[in-house]
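Residue numbering begins at 1 within each chain, and the chains themselves are lettered A, B, C and D in the order written.
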């Protein structure tokens, strides 16, 4: 019944089937929306945050999705600026994922602040010294860029494409996309970095504080680099999931492997930098403030050295190496594992840089503070996931997201999902 | 599928582009003109309504309980600070309360004006404070020290309050429907353009003067609580 | 942080708390709540969401019976001068909307609730937990709204608040000085509510720049080291983070002074030798 | 002409362009900013002229001078009053939160009459005549002596008026709540043969030996003691605290000596024995003024040697000796008893033993010592006119204490007491074994409460005649007897009554005037103020002008005899606390915390807010125990345990605290109120429901300091 909207030649499941799928996810979405409204109407007392945990699950979610959304800018950078043309076959999807991640990040921020109606003061009364201001500006600008990058893809919807105006518009935009990609890359560099800066500049919090270059603490560069390194792994992971769900090959292996290879090297380089940073912090920065390395990893039920091990080794070194070596990289199963570990690794890093910072006692007579999110926090954090799934489903169904789909599909006839 | 490929192959795209413009050219002659007209009309309507209609919508006119003749009172009492004075502890008395007024006005009017009659009957007799609408009322978080300006800097009331002291009639009180504050804070000019120092009472106006006189805007706590 | 009102007299207000005199009676906390319109809830036993601009911590020396010792440590906002004492306090530098700033004329760190939109970054930045968030809309049951003071603007839900060194009392003192055409305010004209309330007289407040003020005489701040105390019995909380607080503590008990900051194994002894 | 896309494009662009160059954008953004900053539900306190009014705080017996800041006539803040002889600028957290009492949630708005389980509002006229009629009938039936009256305070014109009323009515049953001063007065009688208040000149003492006195927990006149303690630190005076638990006083002391609870008397006597043996006593003083010295010497030498007392007190012989030497050799030594805040009567033997130390070092009536101040007698009322009924009723014997009165009521089947007047005495909360007290009260058919707040006792009353709060009323307030100087403070209204309340003084005058016979004649005053002014006589000028009057600030004449025969006569019968050790292996000792009131006054929301989360958590209160005790019981921090005592049982959480003696359980007093105020009540356990009265055989007073208890996990 919606066949007119489906790209020509693309096989899609029946509309009812699609609708049911959407409805199921939609239910979850609504649950999230309900929680969101609670937080807006009744206030943040709906959460389990407190004066020790001013930053909690939401800020982590923000940092995490922006990190894994980094695939968009990095892939764009590679394609348009370094002219790695194979990536055109995945760039659309990377952009969509980026769009989802960034729109979600903004939404979560809007829920997280105590006076949402004053949120725009961050622009109106901006304090240029604050990392958060930098984040807000770059975030919203980059979101605009992503939207622009997304539009042409939308316009390629057969129905819209019929309209010559849109047809031309999208085509012309394709032409100038390189400029946007460049801008996007530039903005991303700063907001990814400033997100790192958010924790790094807290010189009252020895666990988070890092020295650095000029006004930028090392975490600034680490965050940017990690986003570039880990972002694509998430893009690939989602692609793989989509392929699994639709039971179709959507992107050629060579493209995936290429991106995976680049990621692999990036991750490895990043993790080396991260290790150096950690060692320097542990032997110089923290002791100067009177803290031993173990002070941050003992006397509490959750945060032990295992966390650090998990982040650096399991979430960094392992996926890095798996993706560097051809044979492991090109083994689908191992590659998948690498992707999952990588995403886990970067998310854990963000968690530590937000939650553990809050947990560590600084005054000698203070205690470790532990925190468990309330269901409202969890629901509002799942909300973007549901929203993302729905948007991907819609895009996949109605937009020519994967240029190689037809070609790959030509061979094997199969029933397509959602 | 063919279509999909076309997209990315420049040649064919050019082609489509061409023919697209071809078709359009036909309509253009009429289209352009009409477009321009629509543009002008829309622009005109929005622009004018912004200037003329908007203020009417934004502000509601409120009546003062009764008219107050500043000119007369200044003449009788000698100066502003006869009624609006800085107390010995440095705080500002603000509007005189009923008690201060009754130092002169008893239940029997002194003069013959209708307004004084209202005052004596409705307020003095009933011992009710007059619910004046204050033109210079600022939000609660604003701390303003009259002592600092009149005593410390020796400024004249006029600098901020203008010529209210010479008025025989109270100006109409225009209340901002959104904020609930008087129009005098933003100033009569809807763009907020001011000719005199007393035309506006926004933070920027304070800052401007402080910048000029003290070399800095000052810290938040200087004017906020 | 920008250059600010430095015309006329500038001060550096600070507080000295004698922990040996403090009995932990809590008068300072209540005086502060009453002075600054701090609200209260039915259940205030979760100290992680209980607003107390002035909070009294209980320290123990960790020894077992009967060698146990306890000490109470009142903790207002430290009004940090930040690294190098230039006003880049941990919280001020991070606030994205300039809802908190450093008063270079007084050394007091402001907090303007109506400018704050509740991102809580400042709270994450403060190692002293001196900043509190209004998780609930404050409500004053019965007729209690009638005792609210006009000197301090009541806060709304969703904003951060903290100790202001009773800045409104400074304003009042200044107004009086203006009225009497004085340039300077006297030591006793500006005292915080907690200082005034302490029945043990454990809290002293004044201008750290002014050698004639008690606070200066008590701690002898070292101008070359951002006001580090030269009195060996005096210390500041977390001195080593270079937050440069304006609140000093005094105690004869070594274990108490040691509890003021973090030290690596054996570091304390070394440092103390230095202090002589 | 065809309207096509371009037209819409034009339209759109036109709108945008028009909007950009017209004011609303900028203006609305600014207004929006203001709008989002001023929510209508955020209160905006009214500004006005600032004024300060002096008065005296009567929330506790300390009676500090306070200053109330008002804005436009509206009280907004309370602080200490500079130069006041009692508190000199200081104030405690309860006084400072006074406005939360003025606007208290449980305030009673008007006179109330019980109607089944609820109260109905009545007019003052009705209320007064109702009470008067009832009392008239009783009196006509010859039951004058079946009226009892309990006042919270003991001194001042308001209690005096009640006392006077009872006398002319013809009932011996006038009582005020006893506290450590009741016991101190008995000590003064027994050991010095004088009727005096015992004041302690801590200010000038150089060595204070305190047997569990919570000098920093609210003992005596709290703020006065805080100030003195701070001064002591400056002057280098010593404080030695004997207490089984590391209280705030012990923490601030120079030496903390944990002694077994209840062994204070023995420890004091052991210290005496050392002083005797080593002849460290003030020979010159004892030579001229003493009785029973030699007998006392023999007794302590034989029975109370440090070695013998080691196990009894838990203090080593060497420590006892050093205690004695430090004390006796000090320039101005001073020993003091009265556990915690001293809100309960003490064990006479303990007090006497401790005071024996003062006698031995001869600091009686000397600088830095104990002052036997002549009981304040500044109030002068006209001689009572008595009639036959009154004389007859007064022939009956009163009970020695409220505790024994309650005991008597509880025991008797046919009610001995038919009507009870309760003036600001919340006995259904403050007395030991409250459940028993409540039951006893049920037996009294007619109860009148004069409380300002709907407290536990008012709830049980039949008529409530609500009183002004301390900020709304006149009252003369004599300083606490434990102070060396004697001051009378004046409480003046800083706020005109918010509710339909009366000064209790006025209430009793009105009732009296509505009574038959001589009673009315005995209350000639039109209103309480007149009575106060005439009654205080020559003090009035000072009171009305300064707000206080210093009655005496000099030590009385030194020449007073010290009689030590008390111990040798009957060896001071020993006080036992309830509970057989075999069944109840632990000792529960409630402790006082300055931040929580435990008198008839319920803590304010502010005060409760300051209480540590190791004392109240949610609705639970905590029981402090040593880690060793916890290990024995197999419990750890935060666990819930059940405490059983002969009096009752309660569930609390465990607070593991190194500073408490093994085997001892500490619980904070003042919690577990059941009044209708969610901010302060139904939090934790009222220790009085776990403690049963232990009547001191020497005085008939309830001197229970604790009780034996058993603990089981939940």
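As a working rule, contacts are C-beta pairs under 8 Å (C-beta built on N, C-alpha and C of every residue); 3 or more make two chains touch, one makes a residue touch a chain.
Note that the coordinates shown come from a computational prediction; the quantities given were computed from them, not determined experimentally.
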Handout entry: Chain nearest the overall C-alpha centroid of the shown protein atoms
Key = C
Practice task
Taking each chain's centre as the mean of its C-alpha atoms, give the chain farthest from subunit B.
Solution key: D
Exercise for the section: Go ahead and note the Å separation of the Cα centroids belonging to subunit B and subunit C. Expected result: 38
Exercise for the section: State, to the nearest whole Å, the distance from the C-alpha centre of subunit B to the C-alpha centre of subunit D. Expected result: 57
Problem - Distance from the mean Cα position of subunit C to that of subunit A, given in whole angstrom - result: 40
Exercise for the section: With chain centres taken as the means of their Cα atoms, state the distance from subunit A to subunit B in Å. Expected result: 45
Handout entry: subunit D: positions in contact with at least two other chains
Key = 37-38, 42, 44-45, 47
Practice task
Please set out, as single numbers or ranges, the residues of subunit C touching at least two other chains.
Solution key: 46, 58, 98-99, 114-115, 137, 153-154, 156
Problem - Contacts with 2+ other chains: residues of subunit B - result: 87, 89, 91, 139-141
Problem - Interfacial residue positions of subunit A with respect to subunit D in the complex - result: 115, 117-118, 121, 124, 165
Fill in the blank from the handout: subunit C residues touching subunit B in their complex are 2-7, 98-106, 108, 110, 112-115, 151-154, 164, 167-168, 171-172, 174-179, 181
Exercise for the section: Note which residues of subunit C are touching subunit A in the complex, please. Expected result: 1, 46, 48-49, 57-59, 73, 83, 88, 90, 93-99, 115-121, 123-129, 131-137, 156-160, 237-238, 240-243, 258-265, 267
Problem - Residues of subunit C defined as touching subunit D within the complex - result: 18, 20-21, 23-27, 29-31, 33-35, 37, 40-47, 50, 52, 56, 58, 60, 62-66, 68-72, 114-115, 137, 140-150, 153-156, 193, 196-202
Completion exercise
subunit C partner, complex, touching residues on subunit B are 86-91, 139-141, 143, 145, 147-148, 151-152, 210, 214-222, 224-225
